[in-house]
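Going by the order they are written in, the chains are A, B, C and D; count residues from 1 in each one.
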Amino acid sequence: MELSFSSKDIEFRDEVRNFLANEYPKNVKEKIENGDPLTKEDIVDWHKSLSAKGWMGFNWPVEYGGTGWSPAQIYIFQNELGLAGCPPLIPFGVSMVGPVIYTFGNQEQKDRFLPDILNFDTWWCQGYSEPGSGSDLASLKTKAELVNENGKDYYIINGSKTWTTLAQNADWIFCLVRTDSSGKKQEGISFLLIDMKSPGIEVKPIITIDGDHEVNSVFFTDVKVPAENLIGEEGKGWTYAKFLLAHERFGIAGVGASKRQLERLKEISKDLGDDDLIAKVSQLEIDIMALEFTELRLLSALEGGGNPGAESSILKIKGTEIQQRLTELFVEAAGEFAIPYGGPDGYGSNVKPNGPEYTNDALSKYLNMRKVTIYGGSNEIQKNIISKFVLGV
Amino acid sequence: MELSFSSKDIEFRDEVRNFLANEYPKNVKEKIENGDPLTKEDIVDWHKSLSAKGWMGFNWPVEYGGTGWSPAQIYIFQNELGLAGCPPLIPFGVSMVGPVIYTFGNQEQKDRFLPDILNFDTWWCQGYSEPGSGSDLASLKTKAELVNENGKDYYIINGSKTWTTLAQNADWIFCLVRTDSSGKKQEGISFLLIDMKSPGIEVKPIITIDGDHEVNSVFFTDVKVPAENLIGEEGKGWTYAKFLLAHERFGIAGVGASKRQLERLKEISKDLGDDDLIAKVSQLEIDIMALEFTELRLLSALEGGGNPGAESSILKIKGTEIQQRLTELFVEAAGEFAIPYGGPDGYGSNVKPNGPEYTNDALSKYLNMRKVTIYGGSNEIQKNIISKFVLGV
Amino acid sequence: MNLNFSDEQNLLREQIQKFCNSDYDFYDRENFINTESGFDPEKWKLFADQGWLAMPFSSESGGFDFGPIELSILFEEFGKFLVLEPYLSNVVLSGYILDNSSFDKKNEYIEKLISGEEQISLAYMEQNRNYDFKNITCLLEGTDSLSLNGTKNLVLNGSNADNYLVTVNHNDVTTIVVINKDTEGLSINNFKTVDDRRISQLNFENVSINTDQIVSTGDEAEQLLKDAINYGTLCVSAEAVGSMESCYLKTVEYTKSREQFGQPISNFQVLQHKMVDMFIETELCKSLLYKSMIDMHENNDSKYRSVSALKSQVGISGKKVGEDAVQLHGGMGVSEEMSIGHYLKRFISIDSQFGNSHFHLKKFNNS
Amino acid sequence: MNLNFSDEQNLLREQIQKFCNSDYDFYDRENFINTESGFDPEKWKLFADQGWLAMPFSSESGGFDFGPIELSILFEEFGKFLVLEPYLSNVVLSGYILDNSSFDKKNEYIEKLISGEEQISLAYMEQNRNYDFKNITCLLEGTDSLSLNGTKNLVLNGSNADNYLVTVNHNDVTTIVVINKDTEGLSINNFKTVDDRRISQLNFENVSINTDQIVSTGDEAEQLLKDAINYGTLCVSAEAVGSMESCYLKTVEYTKSREQFGQPISNFQVLQHKMVDMFIETELCKSLLYKSMIDMHENNDSKYRSVSALKSQVGISGKKVGEDAVQLHGGMGVSEEMSIGHYLKRFISIDSQFGNSHFHLKKFNNS
């Protein structure tokens, strides 16, 4: 057993640090440091800087243009991004649809979609949730009907998706659609790639309680999708969706980013000299330490060839609880000065309230973070999973 | 609205205080103050002092020898007992079987049993729980078979009861028994009074984790009980049991006793100068205040002719949580000095560990109090009740 | 001892409930959030016409002599519907100070306040967290001609006020002066609050003040501030209790209608117990509210301590109830178009006002 | 980076597991609780024969040079079965001090300890809560003939010890002396602990001490105490982690077998989620244990801080897991004849030892 990383890993970590110190787009960095909102272009610039470095496929095998990094390297990479305060990676291409395509897609699909993901030339979004199917994803109703027109097969899509993150920026959407309503509900689901420019698609913003436009409803009315956009077999979509869930597990704990926030909170609480807040921050530091070493334990098991199963639901549950808790303590630190609200876009003028700088976005972050215990399988669902698959009850 | 009690109520309160200051048996009082264990005789003396004063039937109507007090007076009486640190009243006679007998019993039963309860000449215990039926009380199996012998009807009892509090002291036990196994499980239950000296009854102690012998198993082997000991109708026992539960609701919050403990904790935490403990004690003081006013609100509704329903489950849930929390904070205050354990009977010698006096019984009280969230319908069951009857889900 | 409301009090509650039920539709409310004032001037007019703005004023000032119990009823009902109108800043805070001051021109301000003609905000906060109205840095200097310099932060409803009651330091004596919004040397920055109210900061640069603008000084001024803030703290706590009740009721309703896995999610025991916890938190806070409002009504010594207990608990419980309500609403909970997230925002805002939960726990312990 | 145990370490764990599984039946254990010593002397002999008592000693002292990782494994497994034998007081606390001291007669004590022939307890606690081994009031006076007066409290396994390592104040220098139990002027009061161990207080009245009884003084003595206590804190925390694991597993097993309302109570979602919480608490504590034991193994500067984080968390989590386990066992949970309540008692005892949860949270923050 040893805590320290190998010299090879340390070299790698320094390389990442060096990149983040020097090549990470300056304008994005500055905005982040000032707490200013990012534009779509900023986000694209940031991802393209990773593409340029060859690091976009940080979790992909070499044969598909990925880095082929070890789990430890992936961990280090994600951790350093968080510690440096980088914007979160948009996961829909590189962490979600990409691995599904290179695992279950055909050669044509791989050639067509993977390079654009690695270059961040295509912005993907995820079409899973529907108004009637949240935690019970398999009950989805969006219908895909196979038709033949002029000798070519198409799916005609009707239905709607909701909570679609950044659909307003997206070029493509990967969807779970119902191709069969007759049997078990999981068995009639297929995995389909849809061009967002297709006629019949309408994107409507959903404004969240922080005042942000991050999520959307996406409506499909007789949208015609070439059958060649089907991934794998018809009716196997549920299998691919579950594969994807397993794939996105790492990094979900967000330890690096949380540690960065924690350091700031430690300074603030000591400056305020508030013993109660100091004790709460200390407890949170212990919680983060425990989470970090839980992730490292799972990582070690993975490196040793083990297969951490539903245990990794802990990472989702505790990781999101900690992310929320951090924002709560910033609000507590801010006191009354949290109340004047600029929202995600700031105060819309140069005049800011007179409170300390950290009070300005304390509440917009708090409100934004309420979603993390709900999405990606709510924490209640995660506990059901642990109950069933770990405890066996 | 007014907080102060009426002058009549204050007069009454002073009368109770005066009694507790002067007539409450001195030897019992001293033992309580020194944290020494009470004998059976001490407990009987204490109750008999109430009987002598005419207060044993504090919650009974005048016609059965009770005080006929208003809900406010009952509240004041129980509160003062708690504040003065009196031993808890043994509820099985006066608060449980007594009201069942005077409400559902026949004249002969009333004449036979009620006076002894009010004089504390009979020590009653409760035969409800069985090894297989805890929260699911209605599934009880102890069988009562009606037989006729020499022209007289008897029930022959076979089965066992468990968690029977102070059965080792009891003269009589009131039991729920199964007289019919054919229909709905609630419908075959009858309410029977059984003399503990009957042949075929065996009492075996259950030692609890605090080392105390407070509860027992009671085994019935062909115990012969005269049919005249049946209360009300055969098969109606479940109805009487539910009536009894409603009747014991008040006082269950234990506010008076908790306030007394709280005052001690406030002194201790300030002496220790431990800010964390002080904050925890302050929070608990607020919790107790909230509980007290919840009880008073229900009391006001009752006095106003209202009928507080399942809401009063709050009193059980929060009252027991507070009782436990108090003992937890004593343990926290005691630190390492909590560890040397005298158990409920003390250290068995004159030598005590060198810690402050309050450390001596901190852990035995903590351990003893673990039961309160389990018995009398566990707190989980109470939440089910609120969910169903208050929230309607 | 009697914890039942009087018939008159019950009638008042019914009256407010009736108004909120018929006139306070959530989607209607949404429209006023984005107007400049942030509330509905017609409703404010209605409040005046109904006499609600006169409620706590003494009869000499043209009021109804209503006290903390009636105000608690009003705010509890307001809380259920997230009422936006600036009752707190005008009637409770400024109104209390004016009504109880020895200021000789107070009636002219009170009259316009009661009639809804003019608004007036209390400016007492400066730079510190959990600000407690002392240690004032706004300096009122000079003897014959007085001049004011300094900054006041977080003035509730500041953008709608015609006048401000401003706490100043005059020769180390706490002094309250009344200042018109159009006074030379006063510049104002307005912000929206997280819960869609308005809040301002006032900058005073050599603002000249006449002695007839002095509302109160010294011990009187400090006592007025202490009591006005205690009153305001009671009212927002009562509001929070009302909001908590709405939250658990709306959550019960939502979970009954939301189906997942072939059944209403209210069937899941974990959600049931969470809702029970929300209910219990609400009831316990309500009990503390009863204690506080009666303590204030009876003017008991314990009134500050009771209010601190209440505010501390409401801070914790409101946040918990609001967060659980959002969680149980799932995605809908974080959607701006549902009311549930707005309750959460109000809870956070209330916890942050007049000293947060831990501040009041300490105050409770030290008093 | 590697958080996997070595083959040798896994083998050690298997060996201990095998022993506990076959020789540590709970009802058997109950018999030893009420003997005078409170443990099974034959098992102690077995520990010696297996070489377990020699584990952490240096090879020069006849040990195996095992470190914090191996001790954590041992204690984690002991925790699963609530092992009573006095390993902590003898091997961990006294053993560490002797082995790492410059005491010239240390080998004679270590040999008898390793062979199981004699026992030795550390007496460092006096009157204060969360005692931190400094501010010693036991006075060792004189220059040629030394005399000791004072009291030591809460000496673990004191009634079984043949000798005591006693911390004393000698001319304001922290000093550790070894004292035989039969020394004149030493009187001993023995108590049972809540978790069925033995604990003593030692009263010294003009006990004469020879200079050859001095084990260590000054900086060395303080460092030894600091490290021995840190070691002990690690070990009881590891033990708590093992106990937590047993608790949630036993609770899962119990709820599956206990039927109420016509079904196993493990079907109730509220109980399921409580058990999931118990599992999560256990895993998180285990992660902190990994961090601590490796920090100590690598002798990193952060080792005291990591152990404080661990101990603080284990105090909270152990209590929570233990209390929930009892609650979910219902009446059986509070019954002395079931093992589950004994786990709770051990958690409370561990939280109270070496500084409780909040003490270590503060220590963590200040270091």
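One rule holds for everything that comes next: a residue touches a chain if its C-beta (ideal position, glycine included) is under 8 Å from a C-beta of that chain, and two chains touch if they have at least 3 such contacts.
On a predicted model such as this, the values are computed, not experimentally measured, just so you know.
Colleague: Where the centre means the average of the CA atoms, what chain is farthest from subunit C?
Modeller: When every chain centre is compared against subunit C, the largest gap points to D.
Colleague: Counting C-beta pairs in contact, does A-B beat A-D or the other way around?
Modeller: Most contacts of the two pairs: A-D.
Colleague: Compute the distance, rounded to whole Å, between the mean C-alpha positions of subunit A and subunit B.
Modeller: 54
Colleague: Provide the C-alpha centroid distance between subunit A and subunit D, rounded to the nearest whole angstrom.
Modeller: Inter-chain centre distance comes to 44 Å.
Colleague: Report the inter-centroid distance (CA atoms only) between subunit A and subunit C in whole Å.
Modeller: About 39 Å separates the centre of subunit A from that of subunit C.
Colleague: Going by the contact rule already set, what residues in subunit A reach two or more other chains?
Modeller: 276, 279, 380, 383
Colleague: Would you mind listing the residues of subunit D that make contact with two or more other chains?
Modeller: 268-270, 273, 358, in rising order.
Colleague: Once bound in the complex, which stretches of subunit A touch subunit B?
Modeller: Answer in residue numbers: 275-276, 279.
Colleague: Applying the document's contact rule, which stretches of subunit A touch subunit D when the two form their complex?
Modeller: 1-6, 9, 72, 278-279, 282-283, 285-287, 289-294, 296-297, 299-301, 303-304, 311, 314, 317-318, 380, 383-384, 386-387, 390-393
Colleague: Using the touch definition up top, name the residues of subunit D that touch subunit C in the complex.
Modeller: Contacts found on subunit D: 268-270, 273.
Colleague: Spell out the part of subunit D that touches subunit B in their complex, as residue ranges.
Modeller: Checking each residue of subunit D against subunit B gives 125, 127, 129-131, 151, 153-154, 189, 191-195, 199, 201, 259-261, 268, 270-271, 323, 326-327, 330-331, 333-337, 341-342, 344-345, 348-349, 352-353, 356, 358.
Colleague: Going by the contact rule at the top, pick out the subunit A residues touching subunit C in the complex.
Modeller: Interface residues on the subunit A side: 129, 132-136, 139, 162-163, 206-209, 211, 272, 274, 276-277, 331-342, 347, 351, 353-355, 363, 366-367, 370-371, 373-375, 378, 380, 383.
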